[in-house]
Amino acid sequence: MRPSSRLSDELRSVRITRQYTRHAEGSVLIEFGDTKVLCTASVEENVPPFLKGKGQGWVTAEYGMLPRSTNTRMRREAAQGKQSGRTQEIQRLIGRSLRAVVDMAALGERQIVIDCDVIQADGGTRTASITGAFVALTDAVNGLIAAGKLSKSPIREHVAAISVGVYKGVAVLDLDYPEDSDCETDMNVVMTGSGKFVEVQGTAEGEAFSRAEMNTLLDLAEKGIKDLITLQKAALAG
Amino acid sequence: MRPSSRLSDELRSVRITRQYTRHAEGSVLIEFGDTKVLCTASVEENVPPFLKGKGQGWVTAEYGMLPRSTNTRMRREAAQGKQSGRTQEIQRLIGRSLRAVVDMAALGERQIVIDCDVIQADGGTRTASITGAFVALTDAVNGLIAAGKLSKSPIREHVAAISVGVYKGVAVLDLDYPEDSDCETDMNVVMTGSGKFVEVQGTAEGEAFSRAEMNTLLDLAEKGIKDLITLQKAALAG
Amino acid sequence: MRPSSRLSDELRSVRITRQYTRHAEGSVLIEFGDTKVLCTASVEENVPPFLKGKGQGWVTAEYGMLPRSTNTRMRREAAQGKQSGRTQEIQRLIGRSLRAVVDMAALGERQIVIDCDVIQADGGTRTASITGAFVALTDAVNGLIAAGKLSKSPIREHVAAISVGVYKGVAVLDLDYPEDSDCETDMNVVMTGSGKFVEVQGTAEGEAFSRAEMNTLLDLAEKGIKDLITLQKAALAG
Amino acid sequence: MRPSSRLSDELRSVRITRQYTRHAEGSVLIEFGDTKVLCTASVEENVPPFLKGKGQGWVTAEYGMLPRSTNTRMRREAAQGKQSGRTQEIQRLIGRSLRAVVDMAALGERQIVIDCDVIQADGGTRTASITGAFVALTDAVNGLIAAGKLSKSPIREHVAAISVGVYKGVAVLDLDYPEDSDCETDMNVVMTGSGKFVEVQGTAEGEAFSRAEMNTLLDLAEKGIKDLITLQKAALAG
Amino acid sequence: MRPSSRLSDELRSVRITRQYTRHAEGSVLIEFGDTKVLCTASVEENVPPFLKGKGQGWVTAEYGMLPRSTNTRMRREAAQGKQSGRTQEIQRLIGRSLRAVVDMAALGERQIVIDCDVIQADGGTRTASITGAFVALTDAVNGLIAAGKLSKSPIREHVAAISVGVYKGVAVLDLDYPEDSDCETDMNVVMTGSGKFVEVQGTAEGEAFSRAEMNTLLDLAEKGIKDLITLQKAALAG
Amino acid sequence: MRPSSRLSDELRSVRITRQYTRHAEGSVLIEFGDTKVLCTASVEENVPPFLKGKGQGWVTAEYGMLPRSTNTRMRREAAQGKQSGRTQEIQRLIGRSLRAVVDMAALGERQIVIDCDVIQADGGTRTASITGAFVALTDAVNGLIAAGKLSKSPIREHVAAISVGVYKGVAVLDLDYPEDSDCETDMNVVMTGSGKFVEVQGTAEGEAFSRAEMNTLLDLAEKGIKDLITLQKAALAG
């Protein structure tokens, strides 16, 4: 029995709100149950130094948690003077996941910077970030097309992410915080609209996991990501 | 004529939403028009080192802006490795303003940490922060009373803040971003429910200002803060 | 009765020594009683990046305290690896105050950097810094004129600063450290030679202050700044 | 055809040299072909603050690359003043991998700090680090047993790591640098002696990968790790 | 011919002003010609962590230059967020030099922190710092004796420092900035009242130097330090 | 009697291994007994900003210790976020020592970066670094000649370094760690092939030292450096 009474293959209630704030070229509030992440996409008409003059664009991401997005207050990273290893790990993952579905040459010499800021955390902030960031990125790209700066979209297909894990011996989809902090295995899966993997990151929290368990988890993830991509499409059509 | 067509002594539409997020002891989204700040109050059962064993509490504040809360993306302070001078100035101001209305001995040896994070900026983020933070602080204190940890409130009276300035030669209340970036004089005023000043910070952006102009600005501020305190009371009663 | 036996509207003994050190284009030791600040002005024939090619100059300031300028030794900011919020607040104030009286276009594409370093502290270091920095700035500008790099001064008028406060219920001028650490209200006022305000920063340390108290304090400040500007003029004529 | 002419399921030549340096409680030079990593284990008779008094131990890891371990010189992280995101990601992975096979209560209130420093890099530094660190950790634990500080080993089973990837359309084991910088998919797998997974981190560098490809890669990894654990056992028996 | 027309074995005019500022337990302005350094000694009734409970004291030093103490403005180390290698090298040298003449057990469990801040630089700031710091340290120690906290001085003998170098082929004493920036060999020598060496740091700036040149330089340094110690004694007697 | 039973003028066993790693243009492992330092030389076809366009090259050095190169684990400087004063002092010394024997104009507008990383420490890491770095630098320069980028070597002569000290009252050559941590005087001497001094850094650890002691130490150093240069030549001929 899951703490939330969800079925083992049931996502939390997912909400995707576009144009959540008004300055960014893409601005999406994504909610996976009580996890709420604001994902903005900012278009900058320049590229990082290592790409200057190479005729291609870049997509990068930064991640942060508001100090009291969590159950007990976390220290503010800006006040501490550095980003934690966890933060850097997550923002690198978000960036790689999005770049996997973008044709950088087609984007042209410009950069899209994604900011994922966690307003409220209840597990799964990195998967919500990737899933919401894709929608914000799409809005920003569509804005470039509407402004005549791009003739067609450099986005090749959808990408979304979900967590799966073994909780009290059962494989479950989309772990919330109570599950996440008490699970044996935790896996984050990033997949494309065509059903291929972009990232698979599985970690044995307590006991190591078998190949059979891994297969069950991947099946669950595949199901969840299909659902999420359907929700992304609905939001973008809305 | 103001860009927003407001009267010279007219506040923007102000909304105060309590319990905006679920983990913090006080959590308030305050909106001054398009300026939106999330103010949380976190109760910690300890005090900073310089107050250990002195039988009194502390209230402190931190401030931040989401990178794309602004018109063009600002660099993330956590990634840069330090808070700007402006950020530190604002968070010190918020902290002092709140401490001015709290009886530290009555609070007991605990600390309340206020986080003001700007979700969307359109001028006046510091005054919105102070005004919203007071409500979050009150909710946190009321929680301590409800939990039997305090027998009565250490908050002596209300406190709120507003900006006033001279825009195109006219004294106006509650400057939005277009006014703020083009005004001659900018003044932030923090006042209590009993009509006294906690902070007055006036700055000549272009031309220096006269004593007469200052008096006009203070009159406007007094009017605006009375309105804000009425709104705080309504929100707390809601 | 003030600890120093001064009258309520009496400045401390003020001394302004020009050409205090020999390398800087302007070098002034200013003493407000036991507070001693070395203010230097350095002319640099370039401007910060945000002003490149805009045909105007810049004036900026940095502030520091020698570790043992104070009663108990403060930690050296260079060794700690960052400037405190207080330091940044003060150096931003000094910079704004000076820029308010300089015509940046007339200065041309060059920068004047002001350094205010506190040799000995006894209250009022920021007001002494502004008052002394103006003299150092003037010397640097006069050097540019003498060298034929400027045909006339871009300085429009004098600027000086003083603190006022309510100490044991009485409004007093130019607080020294014993008064500053025990006062109810503390206000720093920056005014021009023509009697207008550049900055007003009033803070209720204990109790909030009334409009009437504020008016009394501003009267005192006005009187003090007139005296300081007379002293600046005498020093510059000397 | 692989650049090194290896078969697709062939490890590079692996050498494990124990007691490589003389101060550390465990000191192992591990070589995966031209990749050379020095792994040391340091026993400290204390635990990090969050574990004080909980009756259990800790294993943690730090990772670094000598500036010229790579083809072109990398900037020294100590001189830059921070560890890169990649460095933090790798050292967190090493730590988690080792902790997965250690019984922290049986270790007692002490900490073993693993340092993995890359002397020469040719791809696979993180998998070599984990594989070598396990041997260094074992030597350190055996030293504690020999000294009578532990009665039996808190290490439950072996752990080792290998990379697998899709290079020019073919699944290959243990990628060297030419393969790593030109592969479509890159996966790092950490497994135990009993054939279970501790970590699986798969990343699509170019194209996303299918479930079938993933299965092929996991088969290869399983084979490679069995070989590595045989080599660890031989080294420890030596 | 030296730029200053001094004889090759002639010190610049040296002035030692005690009680230069009022807060520190020892406060000395030392001038070697146009080089002016403020040396303060602060007594702290605690010791660094590595000496806790060992029944002995400590003497340490910090060094800094005001940004415009030099010919062209240097960047402020506090603003840059770190002390340069040169600064650290000098402050370590000052600390070691003073500790060489203090009996740490006799000092008791307290620390004396020396701050050497360069007000104006014209070469030889480190040697002036050591020479002046000794006088400030002595004043602080005498204060402890006067207050009954020490019964006799833990200072065993005098210590002073001077630079010597080869300038245009001639060995000269006490290099000023024009000589220092154009010399072939530069040596800083720290000696005690009994004529022994505490530190000798010789550096070939251009050409390497011979044993014979070294001997000539050491003779000069010995002469200069005797003169400085005479001046220290006169100042302390004053 | 020395702990190692060496004669007072006897070096430890010195081994110089060239081409120790494969990426760097020069790569030398130097061993002074149990002290082992990896010295690499990296050629970069650019110069630091202050030399741009001046038609000359540069040689610079960085130094580091692996955390467990020492008897008890040192904190990793990259993790602490800064290099210690000692590290900076040593790397500055290595750079100056090498630059003293290189004709910068003859090197052309390129930079050679030396990295000295201590694999195992037993005293004398800075002198081993300089002695080994010279060999790595020579290899890098010879590579430039072989590649036709230089027509002749800009290296004017050999340079090497050794420590000498007074241990239990006796002047000894090449101190190992037990001697170094218990000696009265410690001197590091850097000399050229022609027998001239580049650097002499003598420090009284306990008691100050006399001119006579200094002379004895310099004699010893001269003897040791001659031996080291013979070993450098043999290694380069090998």
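In this document, chain identifiers A, B, C, D, E and F correspond to the written order of the chains, with residue numbering beginning at 1 in each.
Everything below uses one rule, namely that a contact is a pair of C-beta atoms (placed from the backbone, for glycine too) under 8 Å apart; a residue touches a chain by one contact, two chains touch by 3 or more.
In UniProt terms, the chains line up like this: A, B, C, D, E, F = Ribonuclease PH.
Keep in mind the model is a prediction, meaning the values are calculated, not measured.
Note on connectivity: the fewest steps through touching chains from subunit C to subunit E is 1. Matched by residue number, over half of the contacts between the chains of C-E recur in the interface of A-B, chosen from A-D, E-F or A-B. Taken over every residue number at the interface, the positions common to subunit D and subunit F amount to over half, indicating a same-residue contact.
When the CA atoms of subunit D are superposed on subunit E, the rotation angle comes to 120 degrees, reported as a multiple of 5.
Averaging C-alpha coordinates per chain and comparing to subunit A, the farthest chain turns out to be E. Put simply, the C-alpha centre of subunit B and that of subunit C have 28 angstrom between them. For this pair, subunit B with subunit D, the centres built from the Cα atoms lie 50 Å apart. Between the Cα centres of subunit B and subunit F there is a gap of 59 Å. Annotation for subunit C: residues 81-82 touch two or more other chains. The touching chains form a single ring; listed from subunit D in the subunit F direction they are D, F, E, C, B, A. For subunit A in complex with subunit B, the residues that touch the partner chain are 21-24, 27, 34, 36, 38, 40, 42, 44, 62, 64, 66-71, 73, 76-83, 87, 113, 115, 117, 119-121. Residues of subunit A touching subunit D in their complex: 82, 85-86, 88-89, 91-92, 96, 100, 187, 191-192, 194-204, 207-211, 214, 218, 222.
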